[in-house]
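Common to both upcoming complexes is subunit A, partnered first by subunit B, then by subunit C.
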Partner chain A sequence: MFLYALRRVAVLAPTVIIVMLITFTLGYYGPIDPVRAVLGEEWEDEVRYAEVKKALGLDRPFVIQFLDYMGTMFGGNWGQSLSAFGGVASDRAVSEGRGAGFTGTSTGVREMVLGRLAISAQLSFWALVFLTVFAILLGVLAAVKQNTTIDYAIVTSSIIASSIPAYVIGPVLLIIFVLKIPVFKTVGGWDGMFSRQAILPAIVLATGPMLVIVRQTRAGIVEVLGKDFVRTARAKGMPERLVVARHMLRTAMIPVLTSLGLVTSGLLTGSLFVEQIFNIPGIGKLAIQTLMSGDHPVFMGVVLFQALIIVTVNLLTDLLYGGLDPRVTYD
Partner chain B sequence: MTADASAQHDMFSMPEQRSLWQDALEQLMRNRLAIFGVFVAFLLVFVSIFGPWLSPYDYTQQNLFRINEGPSADHWLGTDGLGRDMLTRILHGARTAFLVGLIVTIGTTVLGVVLGAAGAFLGGWVDALVMRLADITMAFPDILLAAFISVVFREKVLEFQLHLQEQYGWTISEGNRVYLDYLVIFGSLTLVQWYGKARLVRGQILSLREKEFIEAERALGASNWTIILSHLVPNSLGPLIVSITVGFGGAMLSEASLSFLGVGIQPPGASWGEMISDNLGQWRFNPHLVVMPGVVLAIVVLGFNFLGDGLNDALNPEQRRR
Partner chain C sequence: MGMDCSSQPETPLTTGSEPDRIPLLRIQELHTQFETKQGTVRAVDGLSLDLYEGEVLGLVGESGCGKTMTALSIMGLLPGNGRAVAGAINFEGKNLLQCSGEEMKKIRGGKIAMVFQEPMTALTPTMTIGRQISEAMEIHLALSREEARARALELLEHVGIPSPRARFDNYIHQFSGGMRQRVMIAIAFSCEPRLLLADEPTTALDVTVQAQILDLIKQLAQEAGMTALFITHDMGIVAGSCDRVAVMYAGRMVEVGPVDDVLLNPRHPYTQGLLGSVPSLESKPGDRLYSISGLPPDLVSLPTGCKFWPRCPLADERCKEEEPFLEQYGNSRAACWKVMPLREVLDE
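Our next item is the complex of A and B:
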């Protein structure tokens, strides 16, 4: 187990470096010239062009640039947004509500990514709350009413909720809860975690992993339904509600808890559609904005950071699974 | 080819004379949601082939006097912000979705089967390389990677096409660059989605190879190709078919997602995702413009998921959930 963990961690670094190499190469050969993104119309002025190119360090060979990039990433200072170099990139950044002028007024990639991540994380937190409350309840209900209409209805509706993408559910909920039944008046934007604006986006975000949690909970409970310890609990006169809550849920929750890790990384890396629909300045929105405007240092920072989340959560889930379930052995 | 495999099933587990495939078909027909999926799939194929003849309009034809209209007798689903007929664009979107689903599925299946089988059979550094490649692809947030590849390669493919035109006078198409979006989407989605099938095929082969009936076959002196063709292929076909069905829906969904983000099919090309993002600003005033492509996309994706689920229950009896 320990050796296995060590080997997995050892593979981590090369994986991250290759991820870095791929994003860097894509950015290097990408269609948007960073110098032109900074200079805008002025780019035809050769002197200014050379000046900015040198300031951005783009006059050096590919290998040197990549090594330098690796250095800044591993050094913990993730470089600067193109908007830091002024000019058009900066104007565009301000008009898009990011970069200089936006909360924190920082143009450092790390500050931008972490600042936006905070918003996505708050959104994901509410989505997780909805999931643990509703999806687990529905899963338990489906298991207890196994093979009845209620069971089929719950499983089928979770398949429906999880299959439909956020950019379809989002607008439909907007139309229902803003136009038809005006529950919400202001929609879009972000006004902190405890504002009413956070409710709809969090619900939409929670529909994605709904099916996984419902199915896992249902399967976990079904597995222990006929077990001896459940019968014992019933035999001592324990109310059915408590049997489910104290005995069944506790054993059924192990796979659910481990999958919640994967769900969290899925929420954090998959919130971009919800953020796009509800105009929330989270990490996904930052990625799309910077991809479109050619602010590659920031975009690459986001991709790399999300890759780190994915890799780490995958590793932790595998290890946790082995730790919680003694039947799982690693060679 | 499947005769041996089904004969074994008949002898040991099935009292009536039924092959795995007959049993699977019967199971599938009993599943109402899967039937819905089959219906959706057939409808999609039909519409994507005959769609353009079903409507009197062209999908790029604008009528600025009749923009953002609701459903009416001559525009059944209304018109969008440029006065284009919504129904026509949705029908054309079906063609986009089906083409992307088909080509990306073929691409990922070929790549996945070749790489997965190569890893399983050759072992050693080939296997290690394939698995590391899969790990690395998995480490990326897939939509962002596909978006990045699309943005980078769109320009490269365009340059290459202009180069061909200058050098050899080859003109692929005048003005309309929708074909370019298709090419880029096929490529980027195949590159991002191949690893699931590679891992599946590799895992199937590795676990089947250890099974007793393969060992028995080998002891009887069967050649490698006999074992591959009469045991490995039929036995791993079930999970692969499920994965292909689910992947087909997934590829269509990814295309819609990329187009929604503005890096997939570009206007005036018709894609359900592009139509949703194009009309998103109208949700307050003309909700039907957002809802209609959304509902169509949802129905198709659901259909393929139900079908995949049904096939999974039918083809992998050992995993049947109910």
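Our next item is the complex of A and C:
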């Protein structure tokens, strides 16, 4: 399994280079001009413009710039935010950052991305816990009570929960639990994963993928319900609870794990709406901020890192299959 | 096969020859049905059967005649919307059909165990075989996890699995078919049940292992003084392993009696047909095997009268209208208006 993991990590390198090429090309030919972002009002001054362009190294040919970029990334330093060069970009980023409770003052891309990612990861972790506990439990219950009112109620409510977008559920919950019944006094910012503030955004983040997990779990359990080995377990006189937990769940969880892998990537990279609504300085918010302000180095760092997250979660999912299904080997 | 319809039916005897004991399991007028879009499927249709302490009873018949459904009715594990709608299954003074879910859980695995046909699919793929054996003992014998493990190791050894300690933590995909069935048998015997239901335990296995598995079940059942119901369509198994045999057709019993008597002197034309379809040592290469003409009846719309008449070479008007009931002939009982000894028929 170790060798398998190693091989998979080795295959990662070309993936990363391709993602870098794509993001870099998009940035190079894209409509946002980093020089203008740095200069702000001053950009019409041609001398200043040329000066800054040279300072940022943007006057060099595409290939040289790309190789230089790769060097910076693989060197582990990841470059500097444009805010390091002063100007509008920095003002806006810093002011928004502060408003969002972001305390980091570093302008290094690595520090900015990792700092924000840590917050998104904590948020996603809670959403994932919520999903694995509640959604799987509900799915199992729906399957065991197949075609009864309980089943219909669970499936219908998950459909409702998942089809209302986060930007509707979020504000509604804010109105109810902050304005009407003040369970949560403040919103916005991030006080760490064990603060009360984390509860609402985590729930909203989890509602989106909830239906997928409930459905997958239900389908997985329903599929094994009629299997011979379940009948054998019952023929042994095992209590139904243990029949489900020991004999059905692991087999039924294999397709659910696939979905959970995809959902995890989605949570980590797509928490953008929730972070915006709850004003949480996570990586999604960083992506929006830097895209708006034209802070290219940081935005490219975010995109690259999100690509890395997706491939890493994929690898972890593949490794977890072996834990669920003893027939899976990694040779 | 020239059957002479004019030969005189054997007269029923009045004295019973069944073992003079109280049965361990008594099935009375069991009706097991499934509701389908096509109508009610009568899987078991008024079956009565006694199983006596310590005996091995063979339950034979074609596929779909209700053998497996009889066993699953006893276990209370009927699939889908299957229900035992009428009758009684008495076991240790209780009617199993009226037992609560909790009572049935105690009986299943504890008092009555079942060995299933397909060892490939009947064991959980994601659980070690050791745990699959030991978990039932934790429930029924109230053993601790360690005690159950120790006993599971003994059982593995006993059913002939080499190096049980190493095999305990293996998964089912690491076992061959015969070994899987040994595990299945270890599970069935683990809680020392009084009654064993074996549903075609060797059908899915290689011919070479079939005999080993049968011998193993017989040996273990004998050691434990266990009563067993062998469901099979293999007359060889019946001849070699059973004390009595019951022949089922279309959900009801058509003949029952001591193995020697039924096999050597079958009364019912269906039993005669079943036996006729077994190749014998006298048959020469190229001889056609005898087969019963026609197909088993549709269990949704059963024929009137004797359920076998559409396929029976002896059937007459009475057979089509009046349903025969089990009557005593010699040591056996058969349900047929035309009962006659097989020898007479074959001698012609």
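Here, the second predicted complex is superposed on the first by the 273 of 331 C-alpha atoms of A that agree within 3 Å, B and C clash if a C-alpha of one lies under 4 Å from a C-alpha of the other, contacts with A are read in each partner's own complex, and residues count from 1 in each chain.
FYI, a contact is a pair of C-beta atoms (placed from the backbone, for glycine too) under 8 Å apart; a residue touches a chain by one contact, two chains touch by 3 or more.
Predicted model, so just to flag it, every value in this text is computed and none were measured.
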Who touches more of subunit A, subunit B or subunit C? B
Going by the contact rule set out at the top, does A:277 touch subunit B (first), subunit C (second), both, or neither? first
With both complexes overlaid on chain A, does A:179 touch subunit B (first), subunit C (second), both or neither? first
Touching A:303, do we find subunit B (first), subunit C (second), both, or neither? first
State whether A:234 touches subunit B only (first), subunit C only (second), both chains, or neither. second
I'd like to know which partner A:47 touches here: subunit B for first, subunit C for second, both or neither. neither
Determine, under the contact definition given at the top, whether A:171 touches first (subunit B), second (subunit C), both, or neither. first
Do subunit B and subunit C touch any of the same residues on subunit A, and if so, which? none
Quick one: in the complex, what on subunit A touches subunit C? 226-239, 242, 246-247, 250-251, 324-327
Parts of subunit B lying in touch with subunit A, wherever the complex brings them together: 33, 132, 135-136, 138-141, 143-145, 147-149, 151-152, 154-156, 253, 256-257, 260-263, 273, 276-277, 280, 283-284, 287, 290-291, 294-295, 297-298, 301-302, 305-306, 309, 321-322
Which bits of subunit C are touching subunit A when the two form their complex? 75, 77, 79, 104-110, 113-114, 116, 118, 121-127, 131, 135-136, 139-140, 171, 173, 184, 187
Interfacial residue positions of subunit A with respect to subunit B in the complex: 11, 15-16, 18-19, 22-23, 26, 29-31, 147, 156, 159-160, 163-165, 167-168, 171-172, 174-175, 178-179, 219, 269-270, 272-273, 276-277, 287-288, 291-292, 299, 302-303, 306-307, 310-311, 314
